[in-house]
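Structure, as structure tokens:
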Amino acid sequence: MREELIRVEHVSKYFAGVKALDDVSFSINRGEIRGLVGENGSGKSTMIKIIAGVYEPDRGDIYINGKHYKRLTPIASIQEGIQVIYQDFSLFPNLTVAENIGINRVISKGGRVVNWKEVYESAKEGLSRVGTDISLDAITGKLPAADRQIIAIARALLEDARLIIMDEPTTALTQREIQYLFKTIKDLKKQGISILFVSHKLNEVKEISDSVLIFRDGKKVLDQEAEELDIKTMEYYMTGRRIDTSSIAYSEPEEAPPLLKVKNLNLNPYFSGISFELKPKEVLGITGLLGSGRTELALSLFGELPAESGEIWLEGKEIFIRRNQDAIKEGIAYVPEDRINEGLFLEQPISDNLIVTIADYLASKLGIISNQAKLKTAEEWVDRLEIKTPSVENPVSSLSGGNQQRVVLAKWLASNPKLLILNGPTVGVDVGSKTAIHELIRDLAKQGMGIILISDDIPELIQTCNRILLMRNGKIAEEFQREKVNEEELHRHLVAAKS
Amino acid sequence: MKKILNSHEFVVFLILVIISIVIGLRNPLFFSASAIFDIIRGSIVYCIMALGVLMVLISGNVDISFVAIAAMASYSTHMLLLGLGYTGGIGLYLVIAIFFGLLVGLAMAFITTQFNLPIFYVSLGYQTLWYGFNLFFVGRAMNFDLPEGLVGYYSRFLVRVKDPVAGETGLHVSVIYLLVIAIFIWWLLKYTTFGRGLYAMGGNREVAIRAGFNVKSITYLMLALSGGLAAVAGVIQSAYSRFFNPVLFMGQDLDVIAAVVIGGAAITGGRGSVIGTILGVVLIQVLNRGLIFMGVSAEWQKMVVGLVLIIFVSIPAIAERRQGRLKYFPVSKEK
Amino acid sequence: MVKKILSTVLVFTLIAGFMFFGAQPKAVAQDLVFATVVKSVAFNWFLRMEEGILQFGEDYGVTTFMEGPSVADSAQQIAVIENLIPQGIDALINVPHGVKEQEPVQKKAMDAGIIVITHEASFVENAHYDLEAFDNKAYGEEMMRELATRMGEKGKYVQFVGSLTNASHNEWMDAALAYQQEHYPEMESIGRYESKDDQEVAYNTMKDLLKTYSDIRGVLGSAAGDVVGAGRAIEEMGLSDQIAVVGTSIPSYAGELLKTGAVDLAMTWDPATAGYAANVVAYKIIQGEEITEGMDLGVPGYESIKIIENENGVPVIYGSGWAKIDATNMDQYPF
């Protein structure tokens, strides 16, 4: 049964003299789930693009189904049954599900006229192969990320895919959606389809993969059965250093009056009867499944979805939050989940992004912001958060994901908030940056800031928070002290909310 | 059914009906056949141009040069035929003008695809270029000499109505061109890979390329068609008004784009329909003209039109926001 | 890289090329250079004016040329003047689209030592002289007398102006209205409508007005296209015999309609002689001659000028007489 589907031999690739891939060889068998991990710049994406025929390797050979290729073209790659599902799923947000799945078939046939009956039929066929019942007439952009992923998979299957490459497939998914994706992947495996699961989330890769490839600096550094690996080893190979996740220093919260007190907060239909306290220097985790109301609660505190009733007290004074500006004025900052859509002006310089929240403060009496003051402040934050960029005048889009997230953080920190609400701060961030962000969170707390961390990344919660609130159906269901709970237990409680 | 009621087009239609009723209540003559025919006549030319604009907007681009292409194609055709002593009707005018329009559209596509420039940037210069071409090479004067075959075209009606007080008018024959064009564009958008490619490009250009749409040839065809449609509009407008104008439609580019956007096309691309576009043009036409029916004097007209436009464009936006808030997290997923 | 350079060069050529089309001086300074800036170079009216300007240049040995935007727009007209000031012209004859808006740029020209003469701007503040073909009040009253005669001195009529901010148009119409109220009590104005200097707007407005006020018996036009648009509407509705149309226009615009009787009377002055006379005034000032009451500017209609200072202290020169053109004498006015 160990039939080989694709074999890559001694592949190297240079970009302007820089080695992106250095003598990499591996193979994928039929029906095998291969994990591929590596930090940003490790050569993961270059490898994907070589297999997809987008890049031409400078050296090396590729064998697919026993056929030898010096280089692949996108067409040849597709004809050999290779399908890539990119991070953005490559879907048209404005078109219906049916069209997104079915249109490729029309184009690949070279037809000029669209037969809608055929589009619908192939879409139905595609969706039935992944076993889901998403409405064919739904507008794709309005569906949740998990559904969009399924649509992308369905489309790939229609192209008679034999190998599906998934590039960071879980980035936009919640815990529960990830489980659903894994189930789908296992079904595909049963159909004899191979999967290359590319991710930097080590626990997920370990969970789903049969075997794991690890790239570092363009070289393959590990190729091993998943069963034989543990996360620590994987981290070591990926980063080249041991990351001690337990060593983050905790500052015990003061026995001081609470910084934030929330009493009986309601917002139909999202949450009701929410009461909790947050002490200065404390990091409070809030977790829960999709629809549990965790994000809406955060948005309420930030004024984006103002609560209908209830009280919010900050530093012993009742405050009223009707819109964002109220929250900002009271010293509440919010760092959103989707850093690209909500938090940043990607094409604007880093410096401008950084000063958005403190523009008023920097402005002279005439309302003019001096360029010098702007650059000085921006450079300060770039240094403090170790954002890797040659110049603060570069656009944010030139930064890697992790560094973009730091810009979002810095943007809000620059306004010196009393309360910082972070929603999924390390989603889509590699291990190295993740650790840095965790350290930063603790560091900020130590300086006296109160922090609410919303996340469904359980290790992250355990490593960073003093207390963790678990939300279920719009209510706080349970509360955990960090010392008294471990990862497995918390995971069990979280998933139990499903039933 | 629910889908139709929720559509942008239906909202536009509803507002059109409401505004018409308000005007009609003040002056019942607004609902007379002659008033309706006149509004149709006034809309035809702009609808034809707007359908070209629609395609460009759907693809995620903005083009403002179509007005100049209309002027160039119609004026050059006229001066050419006049020089040749042509005495026939509108047929040859349309053929030659469409040829000019297509050619100029293709040239624009060449510039944008070859140098990878956004259509909007090119169209800025392109508009000036073709107006300039007219004034510099063809002629600066409005020309009132019509060939025999074109005299009387302006009152060639399919259906004639004679109002005892307001005189005679009718449904102009050019409504047939509009019908044919509208159905053709609708078919293109819905049933061809070209049409779906426009929507795909507007949705996500990169993905469209990855999916295998030939973005280049789509751009060529789109701009050629848009140029051709502008040419038709230019000829019909000139035949209506009985003179050929080297600066025809100058300054009206944004009005046409606004009508298409009001009709539901997204300026960012990926959305828009033929029906919506036609409704958008008719709505603007009714707004502009309805005030005369209501006896509103010129001083007030400007303000009222502006106000109504602002109110109108905010309605779909507000609706979308409310919808967006409710849909913020799809509770239905929980089942 | 090559593509990038090519595309940059292309864009610059496009932009540069068409900026120069608009505003390049057509002559190098010899002795004297007089520029005449008009509302729009694409109006036949001003093409006729250009003939007079060039004729003056030939007669007096002065380099003269006419400039202006291709569409009537104050902002563009100001830009044209801004560009001319540093080019060392000796005199500027300006026919402003909007009088108020162009005061500052006229002042700037005067400060730069340029002789500034305006035309169709009797309320001007910043100019050495303003030149009018005739007294606007008298012209408006004459228009009303002609209309009243044709309407049997009773019934409703409508006034058209190019824009509500056009000084001359509104002066004519104010005078006409006052004269009617005093002398023709059985006539009634239903209001003043803007044609936006666009025949199509005049056409549509007229059609809609006829539905709203079916008893309209007269039309007064101000812009040269007003009576053409209104006349077309009236003709197409078969109402030529019932409605009197009188207004400012010229044969090349209104010729056909004068023949068919849809337009009853076009009143005008010859833009060529006005352009010529304005240049003569500038010439005389530069030669140190004084402009005096009763002076002969050496061109028909300006043999014995009147000078009246306006409220801003600018002397306004009035020529004498206007032309009345109807089907019988239109051949004498080849413009």
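Note that the chains are named A, B and C in the order they appear, and that numbering of residues resets to 1 at the start of each chain.
Operating definition for what follows: a contact is a pair of C-beta atoms (placed from the backbone, for glycine too) under 8 Å apart; a residue touches a chain by one contact, two chains touch by 3 or more.
What you see is a predicted model, and the numbers here were worked out from it, not measured in a lab.
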Centre of all protein Cα atoms: which chain's centre is nearest to it? B
Average the CA atoms of each chain to get its centre, and name the chain whose centre is farthest from that of subunit C. A
Highest C-beta pair count, chain pair: B-C
Between subunit B and subunit C, what is the gap in Å from one C-alpha centre to the other? 32
Whole-Å distance, C-alpha centre of subunit A to that of subunit B, is 43
Averaged over CA atoms, how far is the centre of subunit A from the centre of subunit C? Could you give it in whole Å? 67
Among the residues of subunit A, which ones contact at least 2 other chains? none
Which residues of subunit C touch subunit B in their complex? 3, 6-7, 10-11, 14-15, 17-18, 21-22, 40-44, 47, 70-71, 73, 164, 191-194, 199-200, 203-205, 207-212, 214-215, 229, 232, 234, 236-239, 252-253, 255-256
Considering only the defined contacts, which subunit B positions touch subunit C in the complex? 27, 29-30, 32, 34-35, 38, 42, 111, 114-117, 121, 125-126, 128-129, 131-132, 135-136, 140-142, 144, 154-155, 162-163, 165-169, 237, 240-243, 245-247, 250-251, 288-289, 292-293, 295, 297-299, 301
Can you list the subunit B residues touching subunit A in their complex? 3, 190-196, 199-200, 202-204, 207-208, 210-213, 266, 269-271, 325, 327-331, 333-334
Taking the touch rule as given, give the residues of subunit A at its contact with subunit B in the complex, in rising order. 88, 90-95, 99, 103-104, 106-108, 111-114, 116, 137, 142, 144, 269-270, 290-291, 295-296, 305
